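As structure tokens, here come the structures.
Next, two complexes with subunit A in common: one pairs it with subunit B, the other with subunit C.
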Partner chain A sequence: MGYCLWCHQAFQPKIGFRSFFSIDIHTGFCSICYKQLQPIDERECCRICGRHLKLIDAKYIKDDVCRDCRLWENSEWRGLLCKNRSLYVYNDFLKEVVKAFKFQGDVALVHGFKTDVCRFYKKHFRNAVVVPVPLSFERLAERGFNQSEHIAALIEKPVCHGLIRAIHENKQSKKGRKERMAHRENPFKANQKFKERLEGQSVLLIDDIYTTGATIRMAAEALRIFKPKEVNALTLARGA
Partner chain B sequence: MPANCTSPAAPPAKISFLFNQDLQKILYGRRLLLDEIPLPKDLINEHAAHGYVKIDRAVNHRPLTCKRCSNHSLRLFYAYRCAKCGQMCYYCRRCLKLGIVKSCSSLVEWTGPAPDVWKPDSQSLCEWKGELSEAQTIAASALLESVKRQENFLVWAVCGSGKTELLFPAINEVLSQNKIVAIASPRTDVVLELAPRIRQAFPQVPISVLYGGSRERRHPAPFVLSTTHQLLRYKNHFDLIIIDEVDAFPFNYDPMLAFAARQALKPSSPLVCLTATPSRELREKYLSKSLNGIKIPVRFHGYPLPVPESKWVGHWRKQIKKGKLSPVFLKWLNQRVELMHPVFVFVPSVEVLYMIEPIIKQASAAAVGGVHANDPDRHQKVMDFREGRLQILVTTTILERGVTIPYADAAVFGADDDIFDEQALVQISGRVGRDMNHPTGSVIFFHYGVTLEMTRAVKHILNMNKEGQL
Partner chain C sequence: MKKLKVFFLMASEEGLFKKNGISGKFYFLAISMVLAIWFSLGEWQWLALALLIGLVILLSRKQLFMAVLAMMTAVFSIVNSLYISPNHSIFKEPFQGTFEGKIIDLPKFDGDRLTFTMKLHEGEKLAVHHRIKHSDEKQSLMSHLKTGLTCTINGQLQQPPAKDNFHAFNYQKYLFHQGIHWLLQTETDFTCGDQTLTLLDRLHRLREQKINEVEKHFPKPSSDMINALVFGYRDNINQEILNAYQMLGIIHLLAVSGLHISVVIGSLYYLGRRLGFIREHVIFLMIILIPLYICLTGASPSVVRAGLMALSVFCAQLFKSKISALDSISITCMSMLVYQPHLLFNLGFELSFLVTFFILLSSPFIDKKYNSFLLKLIAVTSIAQLASFPIIVYHFYDFSLMSFLVNLFFIPFITFCILPFCFIAFFVFWLFPFLLPYVINPLQAALIYSDKWLLLLYRCHFLNLRFGQPSILFLIFTCICIASVCYWWEASKRKSAIMGPVILIIALYFCQSCLGYLNPCGKVTFLNVGQGDSILIQLPHRKGNILIDAGGYLPFQKQKWQKRKNPFEPGRDVVLNELKGYGVKRLDAVILTHEDYDHIGGLKDIAGKMPIKNLIVSPYFPIEGSKKALIIKCLKEGTAIKTVEANDTLKFGHYFFRVLSPASKMSSSNGNSVVLAARLGGEMWLFTGDGDKEAEQDLLNRYTHLNIDILKAGHHGSKTSTSERFIKKIKPKAAIISAGKNNRYGHPHSEVLERLKKQRVKIFRTDERGAVEVTFKGHHIAKLITAE
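The block that comes next holds the complex of A and B.
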């Protein structure tokens, strides 16, 4: 018997060998809460940013690529990000969960996403080097943890801290789209210590939310000096 | 010694030390996280060094216990490497909504002298002009006596018996002695409904209203209206706490909230519980006389409670999936609409609510609305219903208590569902016939097979009515 991480009700998690032998008491979401998450169908998402194409107007879609991504690919940022895959649509329920996880500090909630994160990793990004998007020193001190790091840890692979966030900025979530897209100084720097591990490899960036794609692309640009084979991203939610 | 003073714990080390009055005002009677106090940390540490403030680790490690909410269940803790302290840091998941309590956070209490909270200028602060019914008067004086003797008390009163008004003499007594009172409820809706009534009855008394996101916070205030969760921020502060709707979710199942109430009270100060449907435990305590109390079986207007009827509607789940509703239910609904009565339709879950709302909209000419706990427009819709802009309100069990609407009728659609236990069904029946001018009304359980809980609820109401006639 387990307890739902979100609603704290007792429920019966799926029994398999893994759950049978594990002593983990943080078992995930119950089926009622899990159903409120809206997974993004891999066959119906934008080839680049992983956005659910059913949710946007058909006139913005061309060759399975959304308008935002076409804009990105026609700019100087072309080809930096190979693809992003998000697990879920950023709906009201997930907003509540992310709020509790990130802003109230309920780190345990991340275990509710474990099965899906692992599944996506194995399916799309097998053997990629996992690099969580870092926080600035100030933000880390304020929050006490880095949410991307906790998502990355779910994959149970060695994590590579190949990026440093050198510049402290205001929260992305407090900015509008224009501000986010406006050309700004890249807050990320590559961490030279991990040059050997990243050179020529395919890299997987981990973050919580993909909204405009600006953060992920800046991180990818900072990694360019390592000449990675490709840079992909895995995010929990694709914001609208 | 004046009645409002708790004796200061340790005499200050240096007499010459001048304490900060802002800090005293913020902290007096409470127990807050260090991060919650909007003053510099050095100042607080300095006060601690002089014995004016007590700083404690917020989490006990052996055994693992949250000192704010007393949680010691292992599954409600989680640990990770904290970037603030660099250690593996536990945090409490149970009281997280009030701000995170971690191994590296501290709880701060005031141990210095008490500030002047407020001085009442007369003995009668209550300006409520109404009159208590006979039953209310008896209950009110029993409560007053019990509060004077500092004993816990249970008011077991049927829905619509005027519980709030009978508290006034006891509250007046405590306030006029310059003491501090709180009325707490597990539900925000109840706090919101109480606030204007209390403000009207005690216009001279500064009142603080506390719930997640409230604006009317002031501290220290002699009269606090609060959700039971917010009581966790107090320690050793109140001379009387009254818990309204003590059997409501989540108080009835969450031991944290009972702990919060006990902790916020001064030692040996009385706790008063109000309810129409006491839990079995509370009922047994009352019947075995280990808890003082009084039962009020009649409503303030003297008419009996409406007795629910049961009507079989067949397999309602299957019907609503097909977009249909039983003709029995629709006939009743249309009858009520023609009488121009507002109608509550209680449904077992949000899913049923989403399915049934459009069907009712189609079948009825009246204005229909639906509310559930996470509805952002919830308060607006209840207001619309109250003011007649909506005639039919489809709702989950959130509105089962605390809402008074004259002339209303109620239907429980799917009364055989597990969520409708005896207490919920009695509360729902209590929504009807609350007005002096219209003391009757119709309550119907639409079901697919009578449950034990339904029978118990009907029996409960019949018993109360019988007692009320004696």
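The block that comes next holds the complex of A and C.
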């Protein structure tokens, strides 16, 4: 028996033949809340950004790649990001959850995503070095925690703080697409202390939401001096 | 009350259980209890211990607290089953005496036999077998004997009979697991009187009274069905129908089963709510009614299970808490086993819990995977079949693939059509008897029609898979396979995974058949058919199954009141059952040595139930009267009839059976017996039938160098056979005598035993040691075992 992280109702996770011998105490969302999350089918998502292709018009899709990604790949950012995978569509329910998690400080909510995050990591990014996208010092002081680090911690692998966010900016969520895409100074810097661990490795960036991909690509660019084999990203939600 | 409630809330929600995650995981404790009881009371106990240790180690690696609890449960139940509620008798040895005690179950009348269970004041339970001597006595006993009466009985204490054939029902063990150690055999009248009646006795009385009323006022199939479904009493149902239900795997529907209880309780709950009672009151009412209903239906394990599960759910609701179905079944299982550890060996208990447990485990994924009602039903049926498969095969040796289909149709049919109808019919009869015909006629029609179908399906047994008695290794293998199929089914994304269980069972069947062909051991089994002969020879690598004679009981002339519903028939109850147990699918030859009833009588129960390729008789076998009917029945089933005489040879693979006799017509029918000799396992065997001294002399005259190792003594050890000269000449090492226990002919005769002993021949008697099984391999005898 456990309590749902979101609705706080007591619930019993169903036991079947496969979970017969699992005796961990279940923490997470109850089945009703979990059902409101909209997982992205791995077979029907954009090859690069992991966007759910069913949700956008067919005319924007070409070779399983969405228009956004084609724009990225035709710019100077080409090839920086190998692929991004998101667990869920950023729907109204997830917006509420992320709001509570990120802005209202209910960090425990992150455990509800644990099984899915681990599953994605094992399936797509096995053995990649986990690098959470950092916050600037000011933002960390304001928020008290870095949400990406909490997501990264779910994987239960050593986390590598290979990035530093040197420049404090306004929140990405308060900006429009134009502003995000506008050429600006890269706020990220590679952390030289981790040169050895990252050099030539495949790197997995962890963030909460992928909207335009600007943040992730800037982070990837900052890591370029380490010449990583490839840079991927795992995010909770893919903004529409 | 309030304090209790607070305590319960604390314990369940905030306290120990929740914090450590025990709630929802009670099944680990139940499993460890089951394993512990198996270890302390069952067979193959080291397997149980190994499983128990494995479970504890597995738990301790994940959650130490759970492991400690599981271990404590196991230790507690071992101590409980061995020391706190031990199962032994206060009487050390059998004696004649007078016993006073209370009748605790429904007295059963079967012909001239009355059986019931009596509880002595000392607490000991006895199974009473009373032989009724007169029809008047039967009448008077039937009218006044009731549960709860206190009786004084003079009789003889006896050890209950153990199994006397390898696959026979073990009555001794059956009674032992019910806590009964002695049989009280009586023929004299006994007196009964009412003493203090407990509430339980009153409920038993009520049940008995209602059963008798239903029996009296309803026409035949309906009365049986109402008694079975409303009161859990099915002793009056026609044996043929019962067999059909059993073989088709739907016998569970005739007991008051879990599904059944849920339907009854569910509809009562709904009715109560519709009538405007508030929830708490309905729940409270249920908590009182369920135990009463359990008692009214005879408290068989499946009813108790379903009732207690419902009770636990309602109790939890009363305390505003929730209990998961898995916890509920686990707690129910544990409480039943603490109260009566030997229940673990009750077939109904095993099936009920195992099937329900599997259904509960599978329901999440079945719900998720299949949307249509039909697919869900098919999936649940398959899971139930899969769960019950090892138990069914272990106890009944056969598994009918038909049972998938029949269950699929009959579970909804009985539960949602017949069951409500039976309840309505019963209440109409109780409250408004004048309306009864309107209810009873459709029920009657439906039942007659469904019985017809069942019998039809029962008779065409082409989907019947014969496994025979499975070995422990095969059972373990089966269990592993079942677990993997369940695991795979749950993980599989394909909808066609629903075929998994059927495919598994067919695969296991082929596995078992192939093992038979690879088996280098052959067996010669002298079945214990009472007074009579029946010898089953199974050649290695399935080269042939040969039955020499089929046993048979000469029926006594009995009056109508004396006739038992199911008199003992050696052909059906021994030979056919043993054939099943050995996994014999067809007989290559049945040899009837001669025409005496104790050699051929059993064939009528075998023909038609088991394909027979050849029927072999001597040329002097008279085909007339009942024998003619028998032969015609065999011919109809496609059996070829052959006659053999001296110097013929029967060939099975590279095994030869020489026919030594009859060469010419003798003066008696016994003398005309077919006598066979064969070399099996490097030894020379002689099967003499009922051959008498004259036939033996004739044998010696014709075969002067006859040298025999193992002799089936002629004519059940009568002094007219097995002459001294014959033994001296053939010099057997061992002789087997097939005779009935305490038979009225006095077989085997002491003279014959003397003669054999004088020649230092080892004697094995079926009347003393039960069936004799000799296993041979290559050119030597591997082992000889007896059933008793």
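Descriptive notes on the structure:
Here is the rule we use: the second predicted complex is superposed on the first by the 227 of 240 C-alpha atoms of A that agree within 3 Å, B and C clash if a C-alpha of one lies under 4 Å from a C-alpha of the other, contacts with A are read in each partner's own complex, and residues count from 1 in each chain.
The rule is simple: a contact is a pair of C-beta atoms (placed from the backbone, for glycine too) under 8 Å apart; a residue touches a chain by one contact, two chains touch by 3 or more.
Everything quoted here is computed from the prediction, not taken from an experiment.
Of the two partner chains placed by superposition, only subunit B is touched by A:A100; subunit C is not. Using the contact criterion defined above for the overlaid structures, shared-chain residue A:E196 touches neither subunit B nor subunit C, since it reaches no partner. Of the two partner chains placed by the overlay, only subunit B lies in contact with A:F145; subunit C stays clear of it. Using the contact criterion defined above for the overlaid structures, shared-chain residue A:A10 touches subunit C, although it does not reach subunit B. Using the contact criterion defined above for the overlaid structures, shared-chain residue A:E44 touches neither subunit B nor subunit C, since it reaches no partner. Once the two complexes are laid over each other on the shared chain, residue contacts for A:E179 go to neither subunit B nor subunit C.
By the touch criterion defined above, A:A108 lies against subunit B but remains apart from subunit C after alignment on the C-alpha atoms of chain A. The contact surfaces that subunit B and subunit C form on subunit A in the two complexes overlap at residues 25-26.
Of all residues in subunit A, those touching subunit C in their complex are 1-2, 10, 12-18, 20-26. Residue ranges of subunit B in contact with subunit A, taken from their complex: 74-75, 78, 80-84, 89, 91, 93, 96-97, 100, 102. By the touch criterion given at the top, residues 13, 17-18, 20-21, 23-25, 28, 58-59, 62-63, 66, 322, 324, 326, 361-362, 364-365, 483, 486-487, 489-491 of subunit C touch subunit A in their complex. Put simply, subunit A touches subunit B in their complex at residues 3, 25-26, 100, 104-108, 140-141, 143-146, 150.
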